[in-house]
Amino acid sequence: MSGKWKVAVLGATGLVGQRFLQLLENHPWFEVSALAASEQSAGKLYRDAANWLLDTPLPERFADLPVRHARPEEVEADFAFSALDSAIAGPIELAFARAGLPVVSNASAHRMDADVPLLLADVNPEHVALLPEQRRLRGFSSGFLVTNPNCSTAGLVTALKPLDAAFGVEAVSVVTLQAASGAGHPGVASMDLLDNVIPFISGEEEKLESEPRKILGQLLDAAIEPAPFTVSAQVNRVPVLDGHLESVSVKLRGKATAADLAQALSEYVSEPQRAALPTAPPRPIVVRPESNRPQTRLDRLASGGMAVVVGRIRPCPILDFRFSLLSHNTIRGAAGAAILNAEWLVKSKFLLPGARSGAKG
Amino acid sequence: MSGKWKVAVLGATGLVGQRFLQLLENHPWFEVSALAASEQSAGKLYRDAANWLLDTPLPERFADLPVRHARPEEVEADFAFSALDSAIAGPIELAFARAGLPVVSNASAHRMDADVPLLLADVNPEHVALLPEQRRLRGFSSGFLVTNPNCSTAGLVTALKPLDAAFGVEAVSVVTLQAASGAGHPGVASMDLLDNVIPFISGEEEKLESEPRKILGQLLDAAIEPAPFTVSAQVNRVPVLDGHLESVSVKLRGKATAADLAQALSEYVSEPQRAALPTAPPRPIVVRPESNRPQTRLDRLASGGMAVVVGRIRPCPILDFRFSLLSHNTIRGAAGAAILNAEWLVKSKFLLPGARSGAKG
Amino acid sequence: MSGKWKVAVLGATGLVGQRFLQLLENHPWFEVSALAASEQSAGKLYRDAANWLLDTPLPERFADLPVRHARPEEVEADFAFSALDSAIAGPIELAFARAGLPVVSNASAHRMDADVPLLLADVNPEHVALLPEQRRLRGFSSGFLVTNPNCSTAGLVTALKPLDAAFGVEAVSVVTLQAASGAGHPGVASMDLLDNVIPFISGEEEKLESEPRKILGQLLDAAIEPAPFTVSAQVNRVPVLDGHLESVSVKLRGKATAADLAQALSEYVSEPQRAALPTAPPRPIVVRPESNRPQTRLDRLASGGMAVVVGRIRPCPILDFRFSLLSHNTIRGAAGAAILNAEWLVKSKFLLPGARSGAKG
Amino acid sequence: MSGKWKVAVLGATGLVGQRFLQLLENHPWFEVSALAASEQSAGKLYRDAANWLLDTPLPERFADLPVRHARPEEVEADFAFSALDSAIAGPIELAFARAGLPVVSNASAHRMDADVPLLLADVNPEHVALLPEQRRLRGFSSGFLVTNPNCSTAGLVTALKPLDAAFGVEAVSVVTLQAASGAGHPGVASMDLLDNVIPFISGEEEKLESEPRKILGQLLDAAIEPAPFTVSAQVNRVPVLDGHLESVSVKLRGKATAADLAQALSEYVSEPQRAALPTAPPRPIVVRPESNRPQTRLDRLASGGMAVVVGRIRPCPILDFRFSLLSHNTIRGAAGAAILNAEWLVKSKFLLPGARSGAKG
């Protein structure tokens, strides 16, 4: 144990916080050293503060940890994962980074800040190169901020990456069918979701239309030039627990066949795959040949919830091609993405041992 | 009672057949005189043959009617509604029409036949003018065939009608979130739909891409010239009972604002509204101003399930405008549409008293 | 209109409040004259204050009514229905009664008060005779309090009434499968109810074990002697929208066959049926002969949601008989029960014209 | 690999068959050597014959195995698991046993045969002692039949075992809330289960009322004397995917407190725990102290789906005690139980290496 990184989880009691703990329970590199949450939870034992919602048991090792205030002086760790509510995450994350503690965040507060990488480690790993400029601009010493995208962006942009690389993406029309867990807990009332679809999620379409352009943007002189494509997003909440399904159409700059797309998607690998990072799926994208896949319940746990499953690739009579994709919104779309980001930050040496807590062996 | 039309319901035991009976129970013009179904049901009482699935009770007056074979010689009626399974509907419907009995059908078998109106009475009422040519070509005396569109087409094409009339529709991209009842009973297994979305329904995308062009086509010399727009459809089955929600983008030929679209949609009326037909909704389209409507459970019964509810009209960065629409798949999308068609056929004098059974008073 | 009773609805914005408005929209005797709710809603228009959750539209006539504070001086009415949250209902209802305004309440606050009728008008109509004593004890002039039972009690006690009358009930074991709407809105989170059952509802078992004994108790000298039977209740929340299903076993004092029970249940009628009150179902209990009924979705709207549906009556190897019953929790179990109570209070002359507002014609 | 037992899975394509394959994929003792199914599947590859319904992927090693006819001469194995449909399982299982192949079956066909153990290895492990008599009576050489109980019995009888041992069970009243997967695939139609509860499952109450008495019966002279208690069962199907929740009341012969019951349940272990069999849960019963547990979604995978979770132990005013229990219907209630049975048959030396196929190393 002594050689592991000590990590804090901020916002540990919420649904994404719980996913972090589930995924970190047996992580080979990271060991949870502190749990922090909002004022109302701080001071309790985790088992009392959290309403555990996952279908695997609350790991015993976390049950009796005290929940701390989300303040840098109360948390001992080498770096922090943030699952804080976006409404309060902004200043808290900055406080941690200023205090010298790197923050690998799932919150939206700083995603679109020009100097903050909006990172999916197997999509745009090179964007970590923003960090020296971020430190310079913000006067951070050992701290920094890295974010991962919104849960519905994560699946989409993963599929767009190899298509953009191979054929050039010009326009993307996406309609989402999103799970209840995307709203956290309590989130959507059961009276509002049983036998119902809600064609609206506040702020979601804006994120889907802006985040992919930053993620697939080009890194130029320590700044990101947004990718030159247009996204049109229409979002829906459907009565499923986990897994965001998306019906996508794309217009490409180059010529391609449906088979070309399938090949580009299924063969795609990136740095985390090449480095065999612990949380990296063998392939970021699984292409299913069946006419009725991906399905939310059957495919959301592909590669432990870290793979995006694509199916039904076929021509589109208006844009060029259409397909369906599915990704797990709290794994690839949240906690899993952040953990993979942290692994990549270790591998790319932006996370350095001993920077702060000195506790690593 | 003596003045009412006697109507047969073919395929009366299925889910759409049940909707026909529910909607016809107190109809002011039509009286159910015969129920017919497949071989395995024929000979039983309706209460024993049908597994009643609606949340209003099986009307007592139908419970003890015998179920007849779906053959013209066994059915006494002025005309017939058909809710037959599309796999067997084709020849049976023809047999009834040849025997002199008009058939107002929900089945897909003859929808795309060039001489058969694909009719939504408050969308393309003028297409009934195909009928004289149909009779001439097929040698029908008093019989004829009229069909209504597929359940997912019905909502879409209703919203497209006033947009096409006012601004010219050039392209339509639609993603559907369709209800379980669209597959009939038993249809989709609960193991396949609980906590799941299935991104495929056999044949559905093809119907959505072809039927609207016929319905909004121009009647020229007793033939329909398909409307010159393109439809791209992606369909999904979601775990709701009734109501098809659709996320739509449209490209228009003319200039318009979102307010122009809202006005064109909400002010639209057609012949059935002007004639105050019994099943006609006051307005075919209800436009909701809220950001989170239409919702499947809350809006599917608007105007008794005969109105299409539209919301979230807003610009689209790829095509011109986007909106969500909802329609009840077994009312406006099936039995209700057929009944309204029959009312319009009466009003437009294609259904004439005494043509066959002589039973009208 | 002038001849109708003017009624206020307290707690009008909640789920039960909405049911009151839905059921009162076209009521032949009662006209909603005022809507009142909590501080946060008061002062708004109803359409803005209420998040309308029913699948019939918000009645236009209520949409633009102002929501008033739930204080007697702000409400003009002949009497009031209360759908107030039980946590705050107690003192507010007393204030109205003291101000001379009869309160017909669905809240639990005063249900078990010795001088307050716990009334289902077609189960224990004679309990209205408590009211003179209540007025004497509490010093009410024209005001009074009448309550209806908890949603899960309502169905159970209706079925117990004819069994107790005919055979004597000695013990009742009941396990409930209750709908989401029983918790109001927002109530249970969708993350907690999709693909889940929760075997607990706070306070519910206590109500089920005590309320039936008061309702079926004997009225003696202006007090209720609780019925001498024992109830054991185990409650569960299941992922359905409306309708509480209950698996019941009963031990009887007298001899009977399953057919005797079916007859006693299906033939049962009470004062509201004899008086043909507007909201009274033709029969309080519908007995279904099929082996697989009642079913929640198919039977909850029997007789407009005012009938209790019973099925599967059969011997029990431990107690005497077992059956399943279903009742609509927000109609028979809440707003509908209160409205029927009010109708009975009119019929039995406890509600008298002109008592307060003088507005009745 | 060479040292593992070769096992055939009969009925491999169905839902329980799939669970067998999921649980056997990495089994330390057993290796799947043959898949067999009905006529319509035989001859295909497994990936084409099975409609894989689990949310973990179809194991690659099984995908390309051929599906064989369920006939002993076509299957090479040391013994067979049977997930055959009960309607056809009887003679097929006998044929395998007569051919010398032990059958460890989940089917109901032979469960109540007097000479066939109805076995849950951690409930009544001593019942394997019926097997010599079974072989004598039926003339089996190396073959035999062992069955496990019905899915709803499995959870109940596990909880009854330590209560019966410690206090003596006299009567049991149980109401079930059963999952869709209990009906297999396609099983219950989604139109019948969305927003619905069905208070009936054919044959289920009979099994619940008879099987526990055999399982907890006493082994006397190579026969089972049924346990002297009475079970009353009422069953319901609820819209959840997996996990049967049961509301139970028990009457005991001896005195006890709720704490005594909790202790007896939570401390219970049996032969499989003592022998640390690979599929044995650490404790057959997990007692949860929270007021709102067990919950179907949260607890069904306790100890990999092999533990029964009990909660809400409290006195009953009619019988003696009440509690809720949950068990996974296709793991502890089907495939997992059978695999544990086979492990116990190995451990207790009823399964002997080399008996038939000679293939074990």
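To keep things simple, chains are lettered A, B, C and D as they appear, and every chain counts its residues starting from 1.
Criterion: a contact is a pair of C-beta atoms (placed from the backbone, for glycine too) under 8 Å apart; a residue touches a chain by one contact, two chains touch by 3 or more.
The model shown is predicted, which means the values in this text are computed figures rather than measured ones.
Compared on C-beta pairs in contact, A-C and A-D come out with A-C as the pair having more. Between B-C and the choices B-D, A-B or A-D, the pair with more than half the same contact pairs by residue number is A-D. Of all residue numbers used at the contact between chain C and chain D, over half are used by both chains, marking a mostly same-residue interface.
Per-chain CA centroids place chain C at a distance of 44 Å from chain D.
Inter-chain spacing, taken between the CA centroids of chain A and chain C, is 48 Å.
We define each chain's centre as the mean of its Cα atoms; on that basis chain A and chain D are separated by 40 Å. Shown for chain D are the residues in touch with two or more other chains, namely 53, 194-195, 239-241, 297-298. Residues of chain C that touch chain A in their complex: 15, 53, 180-181, 185-195, 239-241.
Taken in their complex, chain A has these residues touching chain B: 171, 173, 175, 177, 194-200, 209, 230-232, 234, 236, 238-241, 243, 245, 247, 249, 251, 291-298, 311-312, 316-319, 322, 324. Contacts from chain D toward chain A in the complex involve residues 52-57, 194-195, 241, 297-298, 300-302.
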